[in-house]
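Note that the chains are named A, B, C and D in the order they appear, and that numbering of residues resets to 1 at the start of each chain.
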């Protein structure tokens, strides 16, 4: 595939000559295409300038001598760009390697998340969780206990990337190893807090909201550990309220208590759990308001829960120019009947 | 606001015409030669994307103005529209250093760098609209 | 610190003019220094070429028109290099960020390893574990049970870097959450195998050796899961033998059995546990022989166990030109009295 | 083998003299203008390192030859020697993209790239010797 320097030189001479005769946009388009070609052939910028000079010396034998010398001078300046150019190539190779490693790790991390949303007759559940970079520091978890109750966790490790991912895997195994008691949000967070306090580096903190939905009576119990408040949608009034749960961030003190809250859920109502990557979506004009989130959710509330979260994510991703600044997780649990 | 130019792109000729229109506007507005070359390169890349991936579409070039506290900001907006297959994963396409299309620095991140403002709207199956502005300094 | 474009233009004009008058090496040295300066000011290569052109148009008003046009053409080609140049800047920033992130994660990982070696009257224990890159895929673990028995694990995740590190954290939490029964190596590996099989990606495997030392009777019980054999040093004969334990790598099948082996340890005898990063130490002449390792160990056997492992590591690191190709872990447990 | 040049470096003038000697040798050997500029840039960097970090040292420039199966390979060797503080962590210094000294691509990895062969010998407190060869193509 690689063209020799001589072939490139010859091509450049041809297109440059043609341009000097016709002086048209097509000629400049050829210049741009040629630019891609020399870069594919790893010709450095100083080589390109030198190639150009050789050719115009040929074409204009009466070029003032000083002008020619001036290009020797320019060449000296371009050497620095040539070095940067070649450093770029090697940096890119190394980055690709690292990126490949992190891709493998990110795939591993995906296996830590639930493979599917549990099916419960009367509920419609949607969930989306997208890392800001490859690895996520957000975590969510569903579990259905022997009474048919749904346990749901959403957590955010303070921090992002590889360190948060490492911490996130800990949370997963810690939750797996909790005694299989009935899922009482407050007690569960107390247990988890002890594990985090003992096992996680002092500068790592985890916020979490844990909820338990009892579909037999349609009660939602929940507790929180410093986590971003969610929303509760009241279908009858078409209104949103905060789903706030007071409680310390996990891992701060050895013994912490988590108050348990509760909601009676009516048909059409839904619970929204989220991470601060949703609410702290930052645009050119600053952070968006929580009200803008609820407006967005309302806008899609006629859709199934999964489509709702997908659409809200797409809109917020777009608002940020498709560059998430924090891991993004959004869960909606709606009572269907 | 000046007149806008609209160029249909479905052959390589369309790419050249779009470049030409862009260069004319850029010259008229008073852009220097480096910025002219940057603007036409951006147009080239966008038009080539249309030609390669959507078969046809259009490039719209128009002068823009923005009122600022200290006077008027003037610039050139390029909009590329197509009804092609759309982009599945915009974030990935916008990532640096990972264009499959050869060279360093190429692709949409390159277009974004060449211009001052950049916006993209695309969904799989629904075509793509990309709009970018270069401001006069 | 940043100079404006106008200042740079002025400087360039001056040094170029001086060079055109004097045509000496000092002028070209100034060109090279200027190259650094424009790059510090993030002037792209196409801007540099354009700056040059502006100045020579000024200096040589009688430049042939075609020559001037040819530079417009060159400028078009240089735009591509300009893009590469700016991608380079952003790539470098991203790489620095990533590197910092991995440093944090590597520190976190260190906290997963035992903070200290357990103290047992009759034993002298040395341990060293060094990752090949920043993050390790080797793991070791000590635990002292209520009978004063010492449990010791050494494990190697197949693979290195971030994915192996993620997997390694899983092993740590899995071991922490095992029921606190008496530490029987075979049963422990069976339990662990089940956890790995369920939780770890299909292409991740872990080799492990687990041992239990009962200082009341000086018996060492051990089982292995596809792990690199260790050594047993017999002080009376001044001889080494293999410490081999047959068993499948963890995570291959759901149900696996691990045979339990046992050794009666005499005064002065010691057990050597290691990862294959020790034995597969690769030099220019190929892999070193296991016998070279035992010779090295013997050479330092008059020292305390910790100094022994430190010295063996230094010698093997030096042999490889200070570039480890695999994570390196070495544990020595000696019966003192 | 041609004659070798030895240039003492303890002022900025020394840097220029070393460059000049390198350029003369490079021209004599028939290196093109881009390679001449690369060789002098490499010399500059090495001489500047001596000047900045070791206060004084020397640059030796000499033509070299190597017998190959298909004839003789000719090139230029640059050797930079000093008795300065030496380099503590060579692996780190040779890493790409992490020179503290400003620009992209600079530092010893840059010198390595400019030349075809590169060798470094340094220990903390014992001075540094760097030797690099550029072969004629």
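Everything that follows uses one rule, which is that a contact is a pair of C-beta atoms (placed from the backbone, for glycine too) under 8 Å apart; a residue touches a chain by one contact, two chains touch by 3 or more.
Chains and their UniProt names: A, C = PP2C family protein-serine/threonine phosphatase; B, D = Anti-sigma regulatory factor.
Remember, it's a predicted structure, so these values are computed and weren't measured experimentally.
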Any chain that touches chain D (Anti-sigma regulatory factor) and chain C: A
Report the inter-chain centroid distance for chain B (Anti-sigma regulatory factor) and chain C in whole angstrom, where each centroid is the mean of the CA atoms. 44
Length of the line joining the C-alpha centres of chain A and chain C, rounded to whole Å: 26
Of all residues in chain C, the ones touching two or more other chains: 28, 32, 36, 39, 72, 76, 79-80, 84-85, 87-88, 91-92, 94-95
Numbers and ranges of chain D (Anti-sigma regulatory factor) residues touching at least 2 other chains: 37, 40-41, 97, 103-104, 106
May I ask you to sort the chain touch graph into line, ring, star, complete or other? other
So which chains actually touch one another? I want all the pairs, not just one. A-B, A-C, A-D, B-C, C-D
Contact residues on chain A for chain D (Anti-sigma regulatory factor) in the complex? 46-47, 50, 72, 75-76, 79-80, 82-88, 90-91, 94
Contacts from chain A onto chain C in the complex sit at residues 16, 19-20, 23, 27-28, 31-32, 34-36, 38-39, 45, 48-49, 52, 55-56, 59-60, 62-64, 66-67, 69-70, 72-74, 76-81, 84-85, 87-88, 91-92, 94-95, 98, 101-102, 104-105, 107-109, 111, 159, 161-163, 165-167, 169-170, 173-174, 176-177, 199, 201, 204
Quick check on the complex: what are the chain A residues that touch chain B (Anti-sigma regulatory factor)? 25-26, 28-29, 32, 35-36, 39-40, 85, 88-89, 92, 95-96, 99, 314, 317-318, 321-324
Which residues of chain B (Anti-sigma regulatory factor) touch chain A in their complex? 15-17, 19-20, 23, 37, 40-41, 44, 90-91, 94, 97-98, 102-106, 118-121, 123
Can you tell me which positions in chain D (Anti-sigma regulatory factor) touch chain A when the two form their complex? 32-34, 37-38, 40-41, 96-97, 103-106, 109-110, 113-114
